[in-house]
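Structure provided below as structure tokens; questions to follow.
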Amino acid sequence: MQTIYLITTGGTIEKVYQEQTGSVTNLDTKIGQYLSQLRLPGLSVKTVHTMNKDSLEMTDADRESVLRVVEQKLKRPAPVVITHGTDTLVETGLLLKNRLKGLKFPIVLTGAMTPLGFEKSDGLQNLTESLLAARLLPPGVYLVIHSQVFPIDRVRKDRKHSRFVWTTAPATDEETKAATARP
Amino acid sequence: MQTIYLITTGGTIEKVYQEQTGSVTNLDTKIGQYLSQLRLPGLSVKTVHTMNKDSLEMTDADRESVLRVVEQKLKRPAPVVITHGTDTLVETGLLLKNRLKGLKFPIVLTGAMTPLGFEKSDGLQNLTESLLAARLLPPGVYLVIHSQVFPIDRVRKDRKHSRFVWTTAPATDEETKAATARP
Amino acid sequence: MQTIYLITTGGTIEKVYQEQTGSVTNLDTKIGQYLSQLRLPGLSVKTVHTMNKDSLEMTDADRESVLRVVEQKLKRPAPVVITHGTDTLVETGLLLKNRLKGLKFPIVLTGAMTPLGFEKSDGLQNLTESLLAARLLPPGVYLVIHSQVFPIDRVRKDRKHSRFVWTTAPATDEETKAATARP
Amino acid sequence: MQTIYLITTGGTIEKVYQEQTGSVTNLDTKIGQYLSQLRLPGLSVKTVHTMNKDSLEMTDADRESVLRVVEQKLKRPAPVVITHGTDTLVETGLLLKNRLKGLKFPIVLTGAMTPLGFEKSDGLQNLTESLLAARLLPPGVYLVIHSQVFPIDRVRKDRKHSRFVWTTAPATDEETKAATARP
């Protein structure tokens, strides 16, 4: 039985529609309900809810607390998936990359452009991809979304087109090779 | 823009409910309709429908024709995903493995236990995973299903539990390493 | 709080896909799971599971047992909805019409052409309509399906087109008037 | 072939999630896409899009324009369904009731607490119910929602509980009898 840590922080992927206000907000975690729609034999997903915030509202202290949770979990090393708002996901990912040394497994950040369970949502796709990527990628910190894998220091959000894009031509280091080219 | 070839052969993943007979059969391809629910920026999925058969009804000639389609496509090398009935998926995969030499990209076979669009279906999960795996795995022939990656010569169907399992303890060759262990 | 009795007998509406056999069969009731997707404030739906059969396999004894359940429930009169296979739904409905006298509320039979939860299913539509019709129609026995209301002695299944049709031009009696035209 | 006029005005039922802003707004009509999920043999739904507004932003002039569309359509009398924001639905309905005389068919207003296509949405339920109610109710102006039928002058929104409730004990006039009582 393989273990994956799934750390939730909020973000669009977990937003819900509130009938009283007609707005979409981060209330309670809903990852578990959608995770249970996936078939994951031989996999033990250990979920940790750290906070439930729009990532534009995350503070430095919030990012530090995510880092501490990851550090704490990695005392028993296993792949990590982190669900996060897309607006500052890269910022949190870079913090993890810079502060965590000697990773034995990948850390995969993901999120969604439209909340889980809303028409045209990309949430379940991204969650599905992240769980698989966390088992296939070499150690490192990545964004996995829309069938793409980006080393966390090679990616930025293209807000206008609701997607992520490479910041520069893919480099040649180890993580980038894993994420991209073959022959 | 990266290319992936998606070759469909039928199987449970594409079965539909027929109202006149109350049975579930392979009629027309429906992969395209579900594929369009995924966000795949920067990816060009070129779909080829070869046949639409329950894999228990596939003949040797059918498998040869799948092989020929793959060979023909690989004249312009790119990752390949093949949707296939689960009952003889391994058989077709082994044929591909034995007959295709010098692969430059992975060939990923997948399928489903319950048809796409039926309650509790694993079809979209497996399709999502296969498209990502086809971009991440090294050259070789694999089954990708239920967040698992199996080299095609290491797997068998456990029909009773509607899943696939390792035939032996994972070996140490190149494909198996890609599919499994890190530290 | 208004009461409605919901009596289930099986039929396509409750069929499930069986992975081991690849067939669609009546196993356990699943109405409750879909009923819970509807908002029914002020309504108490009392569900009674009588059997879970393809209606082609229902015997005279089965129909008698449905009749007895209805009779028993109507000791405390309230509207009744019966979910039933469409192939012999009319037969059961006619038995109820002929044997139940002095109805104070309507009895609405319904079913589905495709099981609840399958792509393109009409099950939830028909269930939704039947619960409303049971509150609006005058006493009598009806089929409610596909936004149509038929007195049970005016309808037959058109199997080829997966729908129900009038057996004759709508008559002028009380039930037919309720089910059809105004000015 | 029976005709129903379906007049859309916007409201929560037609709201969409906007990825760039993370808000839920009235952009384009989406009724047609969901209407096509229903089976409506023998029914011709003629859809008229009048506006696409949150009903809190509807002006007196907007309500007059809805009235004019209804008047214009009723030159060829048929049942009418109007989709509308729930916050001022009753206000528009009362205008229609007061200004339209000699109705030959019912006018059914409906809406939703959560947009069509969002998890836990009541939109398709309400649309399904309204189309049926429009064929069953006597002439008059009604709200149909959550398996309930209210004469438009007997109902108010209970915003806190996301539902509608009777304003007073049901009266004894013709519309109220149609909406409620049996023995």
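A, B, C and D are the chain letters, set down in written order, and residue numbers restart from 1 in every chain.
Definition applied: a residue touches a chain if its C-beta (ideal position, glycine included) is under 8 Å from a C-beta of that chain, and two chains touch if they have at least 3 such contacts.
As the structure is a prediction and not an experimental result, all values here were calculated from the model.
Q: Given the pairs A-D, C-D or A-B, which one repeats the contacts seen at B-C for over half of the pairs?
A: When the contact pairs of B-C are compared with those in A-D, C-D or A-B, A-D matches.
Q: Could you check if the interface between copies chain A and chain B is built from the same residues on both sides, meaning over half shared, or from different ones?
A: Chain A and chain B contact each other through largely matching residue numbers.
Q: Cα centroid separation between chain A and chain D, in whole Å?
A: Centre-to-centre distance between chain A and chain D: 41 Å.
Q: Taking each chain's centre as its mean C-alpha position, how far apart are chain B and chain D in Å?
A: Going by mean C-alpha positions, chain B sits 47 Å from chain D.
Q: How many angstrom between the C-alpha centroids of chain B and chain A?
A: Spacing between the chain centres: roughly 26 Å.
Q: If you look at chain B, which of its residues touch at least two other chains?
A: 113, 120
Q: Provide the full list of chain pairs in touch.
A: A-B, A-D, B-C, C-D
Q: Quick check: in the complex, which residue numbers of chain C touch chain D?
A: 37-43, 77, 104-105, 113, 120, 122, 124-125, 128-129, 131-133, 135-139, 144, 146-149, 161, 163, 178-179, 182-183
Q: Would you pull the chain D residues touching chain A in the complex into a rising list?
A: Touch list, chain D to chain A: 12, 15-17, 19-20, 22-24, 54, 113-120, 159-160, 162.
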